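Two complexes are shown next, each including chain A; its partner changes from chain B in the first to chain C in the second.
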Partner chain A sequence: MTVTTIDSATASRAPDRNFKYWVIAPAIFLLLLVGLFPLVYSLIISFQHLTMTEADTSFVGLKNYAHLFVDTRLWESLLHTVIITVIALPLELVFGMAMAQLFLERMPGRQIFVSLLMLPVVISPIVAGATWRLLLDNRYGPINQIIGWFAGHPMTLLWNVNPNLVYPAIIFCEIWQWTPFMFLILLAALSNVDKSLTEAAEIDGAGYWRVFFKIVLPSIWPVMAIALLIRGLDLVRIFDIIWSLTAGGPGTMTETISIYTYVQGFSQFETSYTAAIAFLVIALLTVIVTWAIRRMGLAK
Partner chain B sequence: MSLVKKMTWAGAVAGLALAAWSQAASAQSAAETAVKAAQQYKGTTINIVWEAGLQSLDPKNFSGPLWEKLTGIHVNVVEVQTAEMFTKIMQEYRAGTGAYDALNVIPAWMPDLAQAGALEPLDSYVEKYGYAGELDKIAPIYRDNQMKVNGKIYGFPDDGDVFVMYYRKDIFDDAKNKEEFKAKTGHDLAVPKTWAEFDEVGQFLTDKLQPNTYGAAFFRQPPYTMFMLEERFRNEGGKFFDADTMKATINSDIGVKVLTDMRNENKFMPPGVEQFGFVENLAAFLSGQTAMTISWPPYGRWAASYGTDEEAMNWVPKSTIAGKVGYALPPGGHPELAAGFALSVASTSKNKEAAYLFIQWLNSEEISSQRVKLPTALRDPFRTSHFTDPGYLALWPDAKDYLKTLQDAADTGLLDLSLLQTDKYEEVLRQSISKLWAGEDPKAILDKAAADWDAITAEIGVDKQKAVYADWASKSGAYPK
Partner chain C sequence: MSDLKITRLHKRYGLVPAVRGIDLDVPSGEFTVLVGPSGCGKSTLLRMIAGLEEISEGTIEIGGRVVNHVRPRDRDIAMVFQNYALYPYMNVFENIAFGLRARKTPQDEIQKRVKRAAEMLAITGLLDRLPRQLSGGQRQRVAIGRAIVRNAKLFLFDEPLSNLDAQLRDEMRSEIKRLHQELGTTMIYVTHDQIEAMTLADRIVLLKDGLIEQAGTPLDLYERPATRFVAGFLGSPKMNFIPADYVRDGSGAAVKFADGTALALPRGPEGNRPVVFGIRPQHFSRDPGSLSGQAARVRATVELLQPTGSRAFITFPLGGKPIMAELASHDVQGPGESLDLYMDIGRAVLIDPETGRVL
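Presenting the complex of A and B:
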């Protein structure tokens, strides 16, 4: 009797199971169209030799991919991207954490301060870059003027020209804009740490850092890891702020992989080679993200 | 009357009628011809790509509305930043949507755009609408060098962009300055004709007048300085390539000297001059902070306060030096015909005839002479008649000297380097300048630049590029004669 009941119930649900596939089919088709098609098309192009003047679609094999290995400017741009990422990401984390700790305690006007701190995040990066370019301008910007007041004489600091100043300028702007993002996520994570655990540890004599590293950090780690991953990926594709501030200069000193890809694709019209660069970046990111997800334990 | 006789009479009458029509047509100006022919396209819209900002006020506020009034054809102005114009034109051409009908093209891009097929050859239209006569009256330097690719017309030169030196007459005429300069150097204080003289005068004026006034300032941002480097390198005797091997020769001793001198000159210019762009340099000159500068023709008009009271010009700093500005050719005597614009028709246009007629009308003697006088627009005199236009000569007290200098500059000007994939070569120059301001060694910078140029040439094909370079180098404005 029971068996019969289950069978009939299963039979009656069978059409429903097929129906749900039909329902989501248009969405899947659309996703494939806008996601997979460009990917496949780019892959095809990367084996051709489309340039500004060349519309020949015959295949050239691995020529574009072979060129990647001898293109020093490409690897330098990757190095610049890594430099910016490994400096900016930990600093954003540290400052974000410090700010989150500060705002964890209840204080007057906390909500207003948190809202104000979030303003840089809502500004478009290209606008932020242009604004900082003006602020750092030697002739019209206030920053050199303020530094000059402290120095006691006018200061000519060419933030987007001097090779010793361009990276600090870029990293400062990047940190200014994105630390609040890190701060907000960490503040949410810290707010959810079980207070009974930290209080018990403190009663048992554990110091601040011991409590932080042994209880707080493990508690917020999954959220923090996601925040690091998001910001890390953002930093790998950093474009706007640098484009506004230095356009990759002096020379190609601050040219990141995104800027190099843009220049190759939309300034020099090396369409096929640009597609090959894109696939190199996809491959590198896939390896790094997979490794990071495993290392961070996010796959569990 | 026999049939043969009838046909003979009919032929004769038709011939006379045709002759009379031709006579009437030739009596019409190119502008009138264009308007008359365009009236059949009444109700259509043509899209024209124009540089964003002040430049586009010409078709938006003046020529576009006037054309619509005369012909019934609406002009839609597609504003694009100069740096993105080439990209947008090529993207549209590749997409083939016909979104653009007429184009503003920087002449140095013309070989690339023409060879890619993005531009419509205009010879048949010129013949059909009898424009050859007026086309011939464009100043020779522009007409002979910025119009054709491989013998075909692809654009009408429409902007007399050229670098001019602006200097403070009051400072150069000051008796005390003259006396002190003579005592220091042993010769008279005069507007410099060589770069060595420029360095001497610039340093003297800075030493004497700073911090209120510096000897000179230039725009130093790489996209602008690239033109100055091209100009100066050739004025000093440099050649871009070995014509036989197509090997880059920009890293010659001349190149190294030019870069070294350029960087040294920053020392007598205002602090932070390395960041100066078009506006910063303009502001410094108009505020009286600099005694000499080199730039495009609008500086001269704005320095005289011509048109700067218009609302659209409120971003231009008020001139404190009106009436005190002199005009001269830059040191070396062969100024760069930096950038400029030509009017072209997009090959993918669905309204080619109407687009052509519009650019013929814009470019004609009658209409262009009005356009170059628009205070808000940036089109500079490019027809022989513009330099002697009584209306222009009366615009401000020194306009006569200004136009004379522009004409001299057009007579001796140097063309921008124009090859296949010019932007790749230019990008190397821009990076080189950026490295120069960052303090790198000039010789190392130019060796790298030459290696990069050689790599670009090899990628394009040495023989292919060699032929294009030979064609360019044979033009009257390629190198000083």
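Presenting the complex of A and C:
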């Protein structure tokens, strides 16, 4: 009796197991088609010598990859990307945190202010960049005019041309646009911190900074780490704001890796070489993201 | 010397008053329990003592010093929270040591004091665990450990047992009582549970609508309630209340119920008036000899029987109201039974139906 029961149970479970694979098969297939195929195809292209004008599909081995190492413009663009990221990311974090702390208190009009503060995030970056270019324009822009009022005489600050001013301008716009994002996420995280924990710590004798670093920060860390990761990756890919402000100029001074890749692919038409750059970026990002996720303890 | 002195304390949230003028003087070493229904202002009062809520009006003195504008950390208090409020990313040792570290206590002193607190609470084996690896009762012990390790002047407990199951609650209750006897520190304890209040307190402060309804020893409040609210709040099952007419004539005092039943009273105030007659379920018996005072006989037809083991609660109508009486289990057979019961009439209370005050 027992034996037959077990038999029938295994018999009825066996087709079940295969069935679920059939059910998810179309989705897997679709994912492979739109995800894996372009990846593999561009990997193949990166070993060829394909340009937009020539359909030469012969393989050139690692030539494109070898060229990456001697392409100083590429490494400079990577350096520009790193500079913008390491300056803008901490500033966005600090400003976002400070604002979130301010708005944590209940106050009249809090919701309206939070919504208003979110406006930059909902603007498309390319539009934001274009708007700031107009605002910073040396002849028609109000910013130079306002600075002129304070200085007492008309100022001609060429924000998108002057080598000393382009980075401050770009980083300012970037921070202006994305601090609210940081702010909103941190505000949500901070308002979820168990209030009795901070109260207990206060009674225990901890001062503001000890409470912040020992109680609040560990509590919001998982959320904050993800916010940092998202913003960090966005900053590495930064394109639109710079494209509309300086288009990478003056010269190639503000050319980031995304802009350089775009220029190689769509104005130099070096299709195969662009594919090689893209794979370099993917490799670098994979290493950094893996390290970051492990370091931040997010994988746990 | 008093450790805590509260004078005309008010707290308003906007226009809504939460505490409406409280005066309280807690002598050194006393275990005071603030008790009352939800919304009576007991937690607000405790949080004001802790410095977690602003004071709208009045003063709070701790150890002879006005602390209205003193930060919580400088008030020399320790507090145990309802949800324990253990720091989730620190192990038990660090949780207990946190306050000592914040106050820059030397390392060997921290070791010594945490160890002693852990021994007192029997949590020495848990010191390297994280809070989430502990059971509710263990967390509660750690929370108490965090409070006692600092030798604060004043201990505040905010409903510390309400998240525990019934058995653990009994256990922790005795534990807290034992701790108070060992440490001799002044403790202020907030609860909505009248049994906790009765068993723990040296003095109960019963709050209602932001005001002190009555304060005194547990037995004081139980036996000599000042108002109907106090009489009804303390004791389980709660006191029976029957509307009645109080009559005083040449032959003595008596109450008459709506159904015509009359009970003679051993004493009573002057004048005839409507009253509410209150009698506790515990003040009924089948044997007049077991009652301490004068007994009044009532005829009871059992409508409902709730046995609890050694005792049984019966419900029967008296003066048109369902009345509960607590008897020994073997004194009653079942519903429908007709019994002669004796009421300890000297312990009944007469309440003014308008003011709610005991006459």
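Everything that follows uses one rule, which is that the second predicted complex is superposed on the first by the 282 of 300 C-alpha atoms of A that agree within 3 Å, B and C clash if a C-alpha of one lies under 4 Å from a C-alpha of the other, contacts with A are read in each partner's own complex, and residues count from 1 in each chain.
To be clear about the criterion, a residue touches a chain if its C-beta (ideal position, glycine included) is under 8 Å from a C-beta of that chain, and two chains touch if they have at least 3 such contacts.
Model, not experiment: these values are computed from the prediction.
With chain A as the common reference, the superposed partners chain B and chain C fit together side by side.
Contact with chain C, but none with chain B, is seen for A:S219 once the two complexes are overlaid on the shared chain. For the superposed model, the angle subtended at the Cα centre of chain A by chain B and chain C works out to 150 degrees in steps of 10. Contact with chain B, but none with chain C, is seen for A:F269 once the two complexes are overlaid on the shared chain. Of the two partner chains placed by the overlay, neither chain B nor chain C lies in contact with A:F279.
Taking chain A as the reference, the larger set of touched residues comes from B, when chain B and chain C are compared. Contacts of A:G205 after superposition: chain C is touched, whereas chain B is not reached.
With both structures placed on the common chain, the touch criterion links A:F47 to neither chain B nor chain C.
Of the two partner chains, neither chain B nor chain C is touched by A:F113.
In the superposition on chain A, A:L197 makes contact with chain C only, not with chain B.
Of all Cα pairs linking chain B with chain C in the superposition, the shortest spans 52 Å. Residues of chain A touching chain B in their complex: 52-53, 55, 137-139, 154, 156, 158, 160-163, 249-253, 263, 266-269. Residues 194, 196-197, 199-207, 210, 214-215, 218-219 of chain A touch chain C in their complex. Of all residues in chain B, only 87, 90, 94, 112, 115-116, 222, 270-272, 274-276, 280, 420-421, 423-424, 427, 431-432, 434-435, 437-440 touch chain A in the complex they form. Looking at the complex, you find that chain C touches chain A at residues 50-52, 71-73, 75, 77-79, 81-83, 85, 87-90, 98-99, 102-103, 146, 150.
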